[in-house]
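In what comes next, chain A is part of two complexes: it sits with chain B in the first one and with chain C in the second one.
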Partner chain A sequence: MNEGEDIIICRCEEVSRNTIEDAIEQGCDTLDSIKRRTRAGMGLCQGRTCQRLIAGLLRNKTGKPLEELKPPNFRPPFRPISLGLLAQEGYRLRREDELRDGGK
Partner chain B sequence: MGLRIKYHPILGEDLRKDMISIEVDGRAIPAYEGEPIAAALIASDIKTLRKTKRIGEPRSLFCARGVCTDCVMTVNGTPNIRTCITPVEKDMKIEKQEGLGNWGEEPK
Partner chain C sequence: MKKSTDVVIIGGGIIGCAIAYFLSRQIKNVVLLERRGISAEASGANYGMIWVQTRQPGYDITVAKRSLELYPRLISEVFDIDIEYEEKGGMTVFLTELERKVAEVVLRLKKEQGIPIQLLDKNETKELEPALSEEITGSFYCPIDTQLNPMLTTIAFARAAQREGAMIYTETEVHSIKVNNQAVSSVVTNRGEIKTEVVINAAGSWSSQIGEMVGLKIPVYPNRLQSLVTEQTPRLLNRVIMGTQIPKHATFEEAMKGFSYTRDISEGQVSTEAPLYKGTLSDNSMMFLKPTISGNTVCGTVFEFAGHDRSTSYEGLSLIASMAVRAVPALKGVQAIRSWSNFDPYTIDGMPIEGETEIKGFILALGHGTAMSQGPALGETLTEFIVDGKPMPFAKQTSITRFSSLK
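So, the complex of A and B:
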């Protein structure tokens, strides 16, 4: 990569390194605040690809060690499912059965 | 079929024989039943699997193990299907996806 060239960090929401570094400079000092400001990590993969990269950028910019960076909030569903599936009659019951049977 | 591995140093020869046909953007391409959809597409030299929603850049396989969602396509009318971990089935209809895709009509 050439010096100064911008690159995509969050592939799902197409958020670039410059955008994330701008957010950090403007005061976002947690992974959660960067996520809320830029949408990085809010796309289909829910940050599975970009969170480590963002954590690295945050460390480099602020000097905070990685182990002190709290992961952003995760909320179910953890991967995209259709609303139709959620609304399906008996869905909840089936899911509970699956959990009881150890996911079989 | 240039990108298929015919002989693997550990797994040996590719013993699979019967291919089926799947439809990709209206064009029939050969595929093995049960292989990941993306494998069949790459083997047929189809490398652009979708276009991103904001800047419209082409995307292809990235992680190839179901984590990154870069390879999502519209499969049998359902958008955002991860083609790297979804097996090929008979009579599948696959479409390149623009952005987050289109759900079309309400499923029955």
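So, the complex of A and C:
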């Protein structure tokens, strides 16, 4: 890659290196604040690909050692799951409550 | 960090950042301290609504309408980032005949309160939102309801405050507050001590811990809301859609209460002990769907009191998914990619706690359950209070003294 050429860092949200470096220059000095500002890591893969690249950019720009960079929280679901499948248990819980209330 | 300042604001959410902006236009030395990052807590997980249709008379409606006046001006003249502000109206949908019948009564009350609300039948509702289920019996539609991106709005206020000269310190935790002769004198943090005569407690659901530092009991509790977000899709919905909290087998009177979003604190009825919800998680759930500009759909929500435990549960997320697909069947095949929980600063009457306290210079700006619609208006009024000594509007409804008769 040529010096100065822009590349996509977060493929899910199509966030480029320049966008991330701009955010760092504007004061985002944690992985979490970069994510909030640029959407990098908010997509389908939830940062599995780009977080390490962003951590590298942040270290290069700020001099913060990698081990001091706290990764954003990982949250369920650990793989995407369809709402239809996830809803099954919710329907069951709701039916239980409706049976309970139906008697009154 | 600075050694002394005129005002210290504790909390980098929408409330603290909006106050920082309005205040720093009048006062030179404003410092904002934030334990994590800007919009790292409830203001980042917030649903980003400025809704008028669910607001109660008095403080609530006045403040929401004022913020709706302020935002367009802030967007065109002040903010340097796009906050995804969309004046698309808001919709409360009904899934049962009972809800629709109660809505007819509620419609009259809302109109008397000056809320521009329309009661739509099933066909009119489906015309505005074709993706809604055939089960829908009707809806309330309020054209002035607005949505925005809460994270970016909070960041926009913080940046505007910095341009006005405010100093913002993130990853800065308050350890103690020094009080001399019943007056605030300094704030001690992990980065050192800062002298100040004014401290504004805008720490949301953590505000009671800040209150303890000066010996003040503040009845605000973390109400945990769970949410999930879907992958990006072509836009399914045109605007924010909410359900009601009316159980299927409710009586008419119970159903009327389901349309009321504030709580009565008449003496003896409640105490200032941490509250608990009655019933199961499913009883304490409400359908919420927000289509975002990026193409994701935010889905909510279930409420519970679980301290500051940040986890989400299978039970909670499955209930959220079931409400979402019931209202919008096309969501069945859409993937959930992330979940989160946040802590709504719950007060027993649903009203915020604002203004002065028995400790001189210790000012409250907390307990805001609809903070995106309350922040800008509060930034204005609290600035007038601090700079000009102008009394806070609706002080009777919002002052901490309203709890003094409670045990």
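One rule holds for everything that comes next: the second predicted complex is superposed on the first by the 88 of 104 C-alpha atoms of A that agree within 3 Å, B and C clash if a C-alpha of one lies under 4 Å from a C-alpha of the other, contacts with A are read in each partner's own complex, and residues count from 1 in each chain.
The rule is short, and it goes like this: a residue touches a chain if its C-beta (ideal position, glycine included) is under 8 Å from a C-beta of that chain, and two chains touch if they have at least 3 such contacts.
On a predicted model such as this, the values are computed, not experimentally measured, just so you know.
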**Prompt:** Looking at the overlay, does A:Arg36 come into contact with chain B only (first), chain C only (second), both, or neither?
**Reply:** second
**Prompt:** Touch check for A:Pro65: first (chain B), second (chain C), both, or neither?
**Reply:** neither
**Asked** Comparing chain C with chain B, which touches more residues belonging to chain A?
**Response** C
**Asked** Looking at the overlay, what does A:Glu14 touch: chain B (first), chain C (second), both, or neither?
**Response** first
**Request:** Would you sort A:Pro76 into first (chain B), second (chain C), both or neither based on which partner it touches?
**Result:** second
**Asked** Taking the superposition as given, does A:Thr49 touch the first partner, chain B, the second, chain C, both, or neither?
**Response** first
**Fill in**
Going through chain A, the residues touched by chain B and also by chain C turn out to be 13, 43-44, 80, 82, 84
**Prompt:** Of all residues in chain C, which touch chain A in the complex?
**Reply:** 36-40, 44, 151-152, 155, 170-171, 230-232, 247-249, 279-283, 294, 299, 310, 312, 314-315, 317-326, 331-340
**Complete:** Per the touch rule above, chain B residues touching chain A in the complex are 52-55, 57, 59, 62-63, 67-70, 72, 78, 80, 103, 106-107
**Fill in**
Contacts from chain A onto chain B in the complex sit at residues 11-14, 43-45, 48-49, 80, 82, 84
**Message:** Can you tell me which positions in chain A touch chain C when the two form their complex?
**Reply:** 13, 30, 32-33, 36-37, 39, 42-44, 46, 73, 75-77, 80-84, 86-91, 93-94, 96-98, 101-102, 104
